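Structures for review follow.
You will see chain A twice below: alongside chain B first, and alongside chain C after that.
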Partner chain A sequence: MSAAQETLAGLLVTKLGVPAEKVVPTAAYKDLALDSLALIELTMLLNKELDISLGDDLLQGGTTIGETVELIDSQGVRA
Partner chain B sequence: MNPSPREHSGVAITGLGLVTAAGADAAAAWATVMTGRSTATRDPELAGLAVDFSCRVPGFDAAALLGPAAAWRLDRFTQLAIVAARQAVTDAGLDPETWDGTRVGVIVGNSLGGTATWEQQHRRLLEDGPKSVSPLTIPMGMPNMVAGYVAIDVGARGPSMVTATACASGTTAIGLARDLLRGGACDIVLAGGTESALTPAAITGLQRMGGLSGRTDDPAAASRPFDAARDGFVAAEGAGMLVLERPEDARARGARPYAHVVGFGSSSDAYHATAPDPSGAGMERALRAALADAGIAPDAVDHVNAHGTSTPLNDVTESRVLRRVLGERPLVTSTKGVTGHPLAAAGAVEAGFAALALRHSVVPPTANLTRLDPEIDIDVVSGEARRAEMEIAVSTSLGFGGHNAALVLAAA
Partner chain C sequence: MSGRTAVLSGVGGWLPPRLVTNDDLAAQLDTSDEWITSRTGIRQRFVVTPGLSTSGLAVEAGRRALASAGTASVDLLVLATTTPDHPCPATAPEVAAALGLGEIPAFDVGAVCTGFLYALASAASMISAGVAGSALVIGADTFSTILDPGDRTTRAIFGDGAGAVVLRAGTAREPGAVLGFDLGSDGSQADLITVPGGGSEHRSNGLPDAEGRFFRMQGRSVFRNAVTRMSESCRALTQRVGWPVESVDRVVAHQANSRILAAVGSELGLPQDRLVVNLDRVGNTVAASIPLALTDAVHSGEMAPGDRVLLCAFGGGLTWGAAALELPRLSAEPLPAPKP
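Moving on to the complex of A and B:
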């Protein structure tokens, strides 16, 4: 698991209350009951934890966890 | 059985939810209030401030009670109210899965909104810049959101709103709820109040205006309503929610009411921003209006759960009005000696305690009342609870802004 993947999964479960078993690469945020406000909150948390700068509107309801990891990794965070 | 005239014009309290420093449900809160021991303690979150103690709900775990999402998406004043609302609905024996939600209203008193949210996000803005401010700041901080979130939680699709009459807010909410039921707009109303503002800026603001007790060497002795040595109130958090229904509806489904809300009155001092009119004329008008609304003679009142904040000004002014209007007969208590002053929640919490006093035929003692202020000439219960057969209780509330409100409750 990459650092990005680990951090994302950790934030989803511990900060946003998503059940751990639902945190799989193919899961889209809309299926995790995360609305647009929750996604901005998640973006803030990721930016702070990983010292990156994802834009506020990057994560959408249809974005998957796997796609998010790719977006983060493209900013230079590697395992 | 035909409804009595009093019952006919009133509404039944069929469910009660109390989340207070005295206990996180109605039974626990009542048991603590009956001991007459203060719950005020030093508060680590207020460390270093001029007043560093409060009455906080012990061990409140929002994640465990409401789920992890509610724990971070809702400010604590909303969390407390949802828990109290759920308790009240369960206590009333109602099932939100089966009721007609379009006929259910939610009226919640609140004063300061999400002060923890505002203070935390402001700190983030100053320290880390705009990008660090949560997009949930507004929906967490707005006072009205508590009514919205309670409505979401229980599926209440009738009118929902927040009443803001400062420390009278909970009382105002119950009065308004009664009108919605009597006017036919709703069949069930969840009414009450909530506050959680034990945060550095809010507490410092209260301290700077001279409202709070400064008894930092002995917090447990600080809230002492009607006592000669009182020096201010102790800030508290909490929520009280009541399920209200028309008596005939309650009877039809076999509910057992705690009591009936049979009268409501409100008025404004139009005198000063924060100080009560020392003549007590405004409070007197609210109290007399509530009695007239109930059709009850002043000398029929058995018990008063007073506003009794423990401030020098309130308690003497209030006691004079009680004496003037009700005489010397009623057994008066201020449960704020135990609970502290939960601001907008106070009226709802205290209406709940007044209903429990009627149900159990006993008046809880006022904590820390060891020497009655010689200026005060009413029968304040202190030391031990006093048993009495009681038919009629009054709950009074006064708020910054000169808001006065009073409820009359009748035994079920």
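Moving on to the complex of A and C:
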């Protein structure tokens, strides 16, 4: 698991209350019951934990966990 | 701060008579009680009835704060509002006259949801400088008059109301002394929270006043800025007044959204029960929110004399700020609880 994947999964479970078994690469945020404010909270947490700068509107309901890992990796965070 | 210092001596608040529940909004718009409550923590708000405007709310809150302070006169009135009765003149002089305060200096301050803290800082500074011996500081807004009737988000969030405090001259060592402020702004992000029309920019461009007359905001960026700015401002101020953050007993933050409040508490590393919350009952009342929450918490006994209190806010401008004080012994009338 990459650093990005690990951090994302950890934040979703511990900070946003997503059940661990639902954190799979194909899951989209809307399927995890995360609304737009939860997505900006997640963006802020990721930016802080990984020292990156994802834009406020990057993560949308249709974005998947796998796509998010790619977005983070594209900012230079790698395991 | 040393020498002559502003001291908090009274609090009061008032709500207009019309109650609007989440179910009332769901009957008009594509929304639901569950949608509003889960996103905002707000269950109801109050709005003005025809004929009632910002000055009317401000007078009622001011009257209650003066009664709480046990005084009928002050030397200065500062009113924070984004919804004045008229574009010109300021609303504060009319409020002062209606309260029978005589020909005292009275002016409006505009800093949207941070307005009350900017007004408090203005009044406290004028007291410290010897310009005034006492002041009535009011935050009053009637955002129901500038919301897009079809916008389910802003109509769920905002409510009308007014809150006020009385300050008097004293020393930094006595209970209630306002110990310091942290204030800031960032006009490069003015577009995040705005009523684009109705001002000189649109008129100078020949655009009709009706265009862009409603309030609008960009939720996600506002959320991020609100959490970051309020927690940074609180942190900066606690350092300046020499309080370890964990020694703060109560944070009275602008009642924007319960999730913003929770995130601010979490950023500061404070337990959630240190944050005063009354937005479930009144919504986001803009400049009124901090003094309304303060009045509620003083009345309920949720805050005790001697508590280290941080007031903090974030709003359009962008603007933000914090104030620090130790709560004095105060009494407050309960907020009116109008029925449907």
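Keep this in mind: the second predicted complex is superposed on the first by the 79 of 79 C-alpha atoms of A that agree within 3 Å, B and C clash if a C-alpha of one lies under 4 Å from a C-alpha of the other, contacts with A are read in each partner's own complex, and residues count from 1 in each chain.
As a working rule, a contact is a pair of C-beta atoms (placed from the backbone, for glycine too) under 8 Å apart; a residue touches a chain by one contact, two chains touch by 3 or more.
Since this is a predicted model, take the numbers as computed values, not measurements.
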item: Which superposed partner A:D57 touches (first chain B, second chain C, both, neither); value: second
item: Which superposed partner A:L16 touches (first chain B, second chain C, both, neither); value: first
item: Contacts of A:M44 with chain B and chain C, given as first, second, both or neither; value: both
item: First, second, both or neither for A:E70, with chain B first and chain C second; value: neither
item: Chain A residues contacted in one complex by chain B, in the other by chain C; value: 36-37, 40-41, 44, 56
item: Sites on chain A touched by chain C in the complex; value: 35-37, 39-41, 43-44, 56-57
item: Chain A-touching residues of chain C, taken from the complex the two chains share; value: 38-39, 219-221, 223-224, 227-228, 257, 259, 263
item: Chain A contact footprint on chain B (complex, rising order); value: 63, 67-69, 71-73, 131-132, 134-136, 139
item: Contacting residues of chain A [partner chain B, same complex]; value: 15-17, 33, 36-38, 40-41, 44, 47-48, 56
